[in-house]
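Across the two complexes that follow, chain A remains constant while its partner is chain B and subsequently chain C.
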Partner chain A sequence: MLQTLPADALSTELPKPILQLVGIRKTFGAFTAVENIDLDVREGEFLTIVGPSGSGKTTLLRMLAGMDTPSEGNITLHGKLINDVPPNKRPTCLVFQSLALFPHKSVGENIAFPLKVKGVDAAARKARALELMRIVRLPESYFDKNVMKCSGGERQRVALARALAYDPEVLFFDEPLSAIDYKLKKTLEKELKDLHRETGKTFIYITHSLEEAMVMSDRIGVMRAGRLVQVGTPEEIYGAPVDRFVCEFVGEVNTLKVKRAADGSWQGVDVPGTFTLAPPRSGAVLDEAFVVVRPEFMRILGPGESADNRLGGVVYNEYSLGSRIQYQVRVGAKVMLVELSRGRALPASLDRQVTLGWDAADAFTLES
Partner chain B sequence: MGHKRTNAAIWAWTAFVLVAIYLPIVCGALASFNKSRYFGFPIKTYSTEWWQKTLDSIEIGMIVKTSIAIALLVTVFSVVIATFGALAFARYEWKGRKLYQKLILLPIFFPQPVLGLAMLLGFNAVGIQTSWMTAVFAHMIWIVPVVTLVIAIQVYGFDPSLEEAAYDLGCSRTQVFREVTLPLLWPGIWSGMLFAFLLSWSNFPLSLYTTGADSTIPEWLYAKMVAGYTPMVPALGTMATLGAACLLLAGGLIGILLRRRAAA
Partner chain C sequence: MADLALAPAPGAAAESARQLRHARMLSVGARCALPVAILLGIGFLAPLVAIFGYAFATPRSFDVFTSFTLTNFATLFDPSNTVWLSFLWSCGLALLTVAILAVIAYPIAYGLNMVFGRWSALISVFFVFPLFVSENVRLYGWVLFFIKNGVLDGTLKWLGLSGGPEVLYTPGVTLFGMVYTYLPFMLFPMTLGLALVPRDLVDAARDLGAGRLFIWREIELPLAMPGILIGMLLTFVLAIGATAEAKILGGQSIIVISHDIEIAFTYSQNWPLGSALAVLVTFFIGALTLFALSKLDLDRMLGRR
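Take a look at the complex of A and B:
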């Protein structure tokens, strides 16, 4: 039945793309910062690009904002080519990593700045700035406050309000939360997502923290060495990573290298044993593969419990992660991580002999 | 005990340095209040006669006006050139920037009498009659690099993403300059203006060669020391120093206010 559906029947259910990237490449001299990027950004979505530092995500964002031009490829907004349109002529706005608040202007003047540039009169500017301050939860009394006297969280809100004052169709964020302490960051992440709902605008966010991306995004793109490795919903990135890089980016993982023996069974390379693997998602027939098991899917088997795969080891150490406890289990020279909920913690765990187990369905079989 | 001795030594040294710097200026001021025509300590009779004569002198009035005119023009031109020069020096990445950074600073280290002579020969070669206006040009050769350096320090402390943000928020290039670059560079530009004015005001070697028939305060002081000394020499010298000090004080106060507004 599914195959008989016309190809565009599915796509009409998705919001139409607002921003399209085709074959984007950016080189600086001999260095290629970004390569072969194809991406459709849907109208109104919260898309996060994650990647380690140097993966090209900031370069990509700067091209989208108009501060850099692609060496190759096309960027279109609403179907119109915007490669060479300067930032001041694009209906987009970037929230900088440094926030780039004007130190010589007050909170109110910062927020009203894009309106001043547009030539809006002073009274209307102030009214709109106060309205935006309410939206980002800044007290009205802050209007005349020196922006440099605001706390880190308050500055975030000022930067956000200033970007909204420009009334852009797409908002870009270049790791604006990277210098904020953990607790405040968690609050601001949620506020940003609420703001996304409230404004209905398209948000494109850049971060090196997948945790941050998971909380906020509708979709996540993972970048590595200038390329987009995978784009998908947080569930897809978490549940169906395309390779070990994406897997490891999501969090700590246990990886085992396996080889196919003459009889067709999978034999461990770093640890001895025969393993049962789910077929790789790509459907490829492999001679060599990586088995990746997240610590939370690894179990410690009690007497009589069974699993598709088993490994004997010794608990070397335990780390408390709050609601859960992580155990470092040594299997020969290989270190494996197991996470258990606090209620199932092992008593007197150190140096205890344990049997690790996991089911094939809980692990990923990856080519690379 | 050792701490006390160190403290005493620091005080003694500080006092020595202050005396070494300021005693000559005080001596000059005292000499200008000597009633007698010739200089010698102890002063027998004090008088403000020479100060009055200095203030009344038409010749000195003209010289002061020339000095002020040169210093003002040097200030205006130097600051405009140096502001853009400082942006090229400290902000923008361009081919040849490293070479420019070295070349622009070189004139500061030229011996000024040699530079002055070279300028005079140059003006002669191209057939320009030297006057106070050629001195403006000569002063700038030496002062623009200094002011460029002063403003460049301010540029180095300036986050370039501020300009990008303004551009991204809809500003044209000129709006970016007016709304962001200029206000943030103001403290540095102000310091640069003070430097330009005061360095021109007190310059002797470049003026000596390039003012032609006109004369500035330092030139007049020198000429009168060579021949025709009267206590008007220390009187005018003291006035020029006091004028510079007042300007510096007022300028410094305004500078502090600007900096506070920009950085607070």
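Take a look at the complex of A and C:
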């Protein structure tokens, strides 16, 4: 189990916030897209907002970029209120999901666009554009190439270079990698993180893929139905999720509903049995709780092995995950997942009777 | 694509034999197109050929294809002939119409795309609606509006004012009539052109620091250009052949080129002269259109090439 440091142990060394959101709310008619968001974005950090579609993350980003104004709440940049500052007056820049490259302009003209706006002369524009092309790893020969003739990955780089040409203090990304094939996506994720180090700018990235968020971010904010459910480092999100939603968002989990019996013990609701639970992180006294166990913390007990909790089941199927193997174990009507390293694989696993076990410390006890 | 289709398909003899058989027999597509082809041949091509024939016939005669002379063209190019004045009027009015319409239609097209929202469809219908009524009827409506003691003049007098301006039967009101008549032909291609500008690009340009005017010049206008140019070309071609506005609203205060052609065919009964003039005008407009279309590289403007 991963250790999480108490928040105040770190706070003295944290960089000061560049962007502060206080009580942000956005409604469209009767629909509330974003509800009561408080967030401090630290200078130079790579913050990812992650959530399923419709969770309000794009609306939040549009407010940060200045394309929408919050219905309530304040957005401050360096302590200055920017709620009503239009996007062209903000030192921020957004890389669109569609990339929004100008189809009638060449690669070079696209990248130099913000410089042209600022009135930089043609020679200086070209020099800076070529410099940025080097930074995003585009060959110099692409300067005059039509941007629509570029491949998907090349277009990403053009969009990135164009945003950097604006020299913003904060860069926003609205799922720019969502339409890219898996292998290239992995490369670009790493390149983006390298670029973050190289430029030292504040990056705010939006995605529905937690995997993407985990690879790149210093901190992750998980959104659900317009609310920011949890903000923390990738380790905190993975190791100390606040509720089942965050747990399930991070990966596959086994969830059991339990109820406190008259004698104080925890009884299973979907599967019979008495369970030992770690006290909930919140410290609340509960009558009902959810036990969440990640497949990698679930064990298959051999003879003589013990665990805090045990469940008997039958292996229904197995899935290869490369270096690991996942087993689907049916406990009554309930499906449980167990992940073992290849070295510990079960021989002739199908229909095998097994005993699942986990320790209370390896599971999360959650209120909701 | 075209090269591929034209190139002889490499392959077996069987393939080429099949092609030969196909070549001898009309393909399905050609057979389907036959009725339309015949209709166009009779209804569209034949009159053109007839006009072309008459253009080289003996003046004031009606026997086409029996004589060949360039007298008609010589008459037209004779410096004493004032037909060039009509031609200049037509060109000038058409150019002015296009210029005025470009200025008027752009804000409307912009509104239809970005501002009016769900009212756009209804507003579009209002602009199309006049087309359901005959052009002549609409123009006579304007005559009633502008005429002495008409709608405008009468109302102003009734209100105790000195009455409306005397604009009827002037070149100015002719231009007004042309602008009025051809507005939809400029508006709708332009609206389509503006619809081709993705909102994201405007947002992105704004986000990168650009102001409204800069965005309009660098993003909106170039991307909407195909629609705007097609609208201009369409309006120009229609306006240069316009005659009703000059006759009805302009009261023949000026003679436009199509009116000259009409006079030659009807009043002067000189079909060969009228034909020669029609041929000249057709070639002029045709050449202009082809030139404009060759300059108008839609693919490149849309960034597809």
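To be clear about the criterion, the second predicted complex is superposed on the first by the 356 of 368 C-alpha atoms of A that agree within 3 Å, B and C clash if a C-alpha of one lies under 4 Å from a C-alpha of the other, contacts with A are read in each partner's own complex, and residues count from 1 in each chain.
The rule we apply is simple: a residue touches a chain if its C-beta (ideal position, glycine included) is under 8 Å from a C-beta of that chain, and two chains touch if they have at least 3 such contacts.
Model, not experiment: these values are computed from the prediction.
On the shared subunit chain A, the superposed partners chain B and chain C overlap sterically. When the two structures are aligned on the shared chain, A:321 is found in touch with neither chain B nor chain C.
Once chain A of one complex is fitted onto chain A of the other, the partner contacts of A:240 are absent, as it touches neither chain B nor chain C.
Looking at the shared chain after the overlay, A:122 reaches neither chain B nor chain C. In the superposed model, A:147 lies in contact with chain C only, and not with chain B.
Using the contact criterion defined above for the overlaid structures, shared-chain residue A:94 touches chain B and also reaches chain C. Shared contact residues on chain A (touching chain B in one structure, chain C in the other): 65-67, 86-88, 92-94, 96, 98, 100, 102-104, 113-114, 117-118, 146, 148, 162-163, 166. The residues of chain A lying in touch with chain B in their complex are 65-67, 86-88, 92-94, 96-98, 100, 102-104, 113-114, 117-118, 146, 148-149, 162-163, 166. Interface residues of chain C, counted against chain A in their complex, comprise 198, 200-201, 203-211, 214, 218-219, 222-223, 301-305.
Touching chain A in their complex are the following residues of chain B: 159, 161-162, 164-172, 175, 179-180, 183-184, 261-264. Contact residues of chain A toward chain C in the complex are 65-67, 86-88, 92-94, 96, 98, 100, 102-104, 113-114, 116-118, 146-148, 162-163, 165-166.
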